[in-house]
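Report on the structure given below.
Going in written order, the chains are labelled A, B, C and D, and every chain counts its residues from 1.
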């Protein structure tokens, strides 16, 4: 496949749409992002990198961090994790609390906010409040081959200031005994985790183990079991885009996870990892142009799994 | 791949579990099925067939018919269909009416009962009440290469007698103007459609076009567009097993659609179509041993998409 | 109390608001009502009648019929009725189906549509399809002292034509076994019951037994037990105005039951029965000016129970 | 009325049921209450007091404090309060969060926990964190004529320790901007407010202004406007017992407010105020024997409003 040409065509396809949608404005630190910014990176199993746009500009990966936190928690907790979080699409927005009440405080899946808090809670239990995030960052350093991956203290502080909805979710699950640590401790780790910044170049490389059956393509070691990779990819496909997960599967046909910073990580099993970034979001909180770019990439490149 | 050996091993894996679960008993015509019955058939793109168990015994395909009805409706209606039915997992049981009320009578996806009624409604509009089902059966004759595929009048009558929940869904959508034809007419076609009987041998063959990019492997013609096939498979993966769709993706990693008669159709894009049948169901109304068999087949055969 | 003067003052209070709100338009037979029409009648325990406006014009009492149907069903069934319908405010609109699903097909109270269908179902079981309504009308003849109370066949036919939401509710409860008779039979009786027409003069007189501890003020006999009257009034206060029942209690402080035809019956225990009619409705489907008139009457007359 | 005899008969009626139900055990400070304890006090407008049982034993009034807090907030805020809290029965348990999400963080009424937090939030805004509760206690001193009314620091501390569900509600409403002060500050005041202890003797006296059209029977001054009293009583009747408010109206027919400590305050407008206490609760969290006692009192005394 001529990836250079493919990425250029995708860029040409989506360029007219840049600026459509709405940049996340729930925290000031995200609201200032340029709605016309765009980056698309591909890392392939043979070690090559391709890109178009601002592939060396760092952005807030936000909920994409949930993929790597889940990978860590599965390594540390194994199947016990599934006592406290489900694996089903929720059919509701990312921050809904309705299903929690009906289902005894157990969130539907690890990619909605409530479920991600449970994953971070597990990391805090196993690693402590500080190390939970520093070990996650160390994992991202290893997987991306870049030591520039870091938390953005300004974004973390902003999340903390505007985090009442997440606080509500945490206390709710705590009242059912599903959350094990003190909510403020888990939330602190969660807000720092969400504030991690990466470039699409780094993110595509970091996700490549999910296309490589769990083996780290840079260093050669296995970082996740075969079945773990299958399952994380399955979760990304069924639950990776909140209440537009079905739409993403329908249009793109690849496992993917979006973040409210405008990034999306998508996996082409056995072939490549793709990261896209464009800050303006659609109604469900996923990157509008990013989703469009992945749709075109999947079509033009014949990458649709189905 | 040595399919013969693979199927035998899968059978050995699941045989001890035969009889677990509970045969559907909401209508007498299904309640008498043997909970120990089992059949597993594979049809591959190169024209071969493999099987173990009662692969020549007909069973009620029930909701698996929704896959073929959707294919027909997409050919007849195109994108207009999506004005009246969504493409998102529902996160609720197959017959829930709650989401309908909150979302103006538009069902979440074409594989829950409400959505399937909209699909049948579209077929009735385009083909008439009688031809809606006879043309669906003609399609199954063509795809399966078997003229034995037919409705079971006893099952259809039983569905009609015990169909008040579906009647409620139909009148509900009718009150919103989402259902276009008289509910009793749509329900009559729907109950007949659900009563279609097939063997796993026939069903695996009939589903093969979904693994073959839309081309009928028996007769060579294209029966569905490339993008239609991607999308039907994506829907099967995200929505094919009601509120256990995520679990099926997690365990099996293949597009699949279950029926309350105990059948499941699963697709391995580019390779094969698989049909399994075992009447005893799990709590979500999907074949317990059938799901287990597909999980083992996917693992042992390395068929997981992810 | 000088009722003549009181009613005139209330009329003067509300006259400027006549025409505000929106006449029910879900069926053509109601849509043609004059939004400026107004009538207010009071019947007192000492046998007097007072009125202002079109107190001799018949209108469609619609859901106000539920009060009298409940009285009949309680006489015929006694406490058994409460196995199939609750006594709690629903917190939801009159035609919601959501709570039914969560609570096994048992409606919250006899004044939302689903609950009223259960009451009519009980009448059909006890009296037969035809007599269910003719006996209800005979009761209204007796209580109102007027033989002009009758069904309006045009309204009943219109309800039948546009009754899909109620059909959906009936089939839903039937699928849970809560509704005992065939839905179409119950619905036929229900639509006729809702089509009953009365004047405010007749309605005020008919409701007077509820202010008189169950004794028919015209004929002197007891038509309902002491405790039955307490309980029907309590239900009217907590559930008589759908999801604005709390607002009505807050503003008026009397048991009341509204109908979508613009009528409201309110009870002043130990003193009087009040009927008001004005066809234009507020957002919850209750008469806008009718509610206002009762609020003023309660204030000016010091009738508030609380 | 011979109140002495009446209360004795009610006691005889309910004595065999003492011990039925279940003492609240969500906090240790309540769990040790004696399930057989019972007290029933009546204060009448003519200044008399009647009682049976432990009428001089203090207990935790818990949610009954919401009646007095609402009275205070209405005096301080007036109608502005109703921008942030509704007046409708919720149809859901006291601590449900579901309706909050659907209705933009605005609770249904001031007697469910979420609504009571808004009331306390208003008191904190007007009076400050400390004075919010000390002024509420001063009001109770005045109304009850007893200076022994006070917070129980042990209960308040216990509530604080086990208050995660209420914390979740507060942060949830804060995320919608409906709660104005910092959640921990509002919660601190709320937990202290709920920990107030009173005897049934004191409580019956304190509630008497609600039977006296807003005039303090002890000191003669008006403490609430005529319309305020009507409305607080209406709210108690429609919303005072969570999702069993309809049942209480049905059985007792009086405005009432229960607390999880086993107390209930009931109002007989124009006549008397009744306080009952028995710690063992029914399934909805209301005193089982207390409700029964009020039912018998209402029947035997002919006090039912309806």
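Assume a contact is a pair of C-beta atoms (placed from the backbone, for glycine too) under 8 Å apart; a residue touches a chain by one contact, two chains touch by 3 or more.
Treat the numbers as computed from the prediction; the structure is a model and nothing was measured.
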Smallest count of steps, each to a touching chain, taking chain B to chain D: 2
Of C-D and B-C, whichever chain pair has more C-beta contact pairs: C-D
Option in C-D, A-D or B-C whose residue-number contact pairs overlap A-B by over half: C-D
Euclidean distance of C-alpha centroids - chain C vs chain D, Å: 32
Whole-Å separation of chain centres (CA-atom averages), chain B against chain C: 47
In chain D, residues with contacts to at least two other chains: none
Those chain pairs that satisfy the touch definition: A-B, A-D, B-C, C-D
Touch list for chain C against partner chain D, complex: 86-92, 99, 108-109, 227, 229-235, 237-239, 243-247, 249-250, 253, 255, 267, 269, 299, 304-306
Chain D residues touching chain A - in the complex, by the definition given at the top: 96-98, 100-102, 164-165, 167-172, 174-175, 183
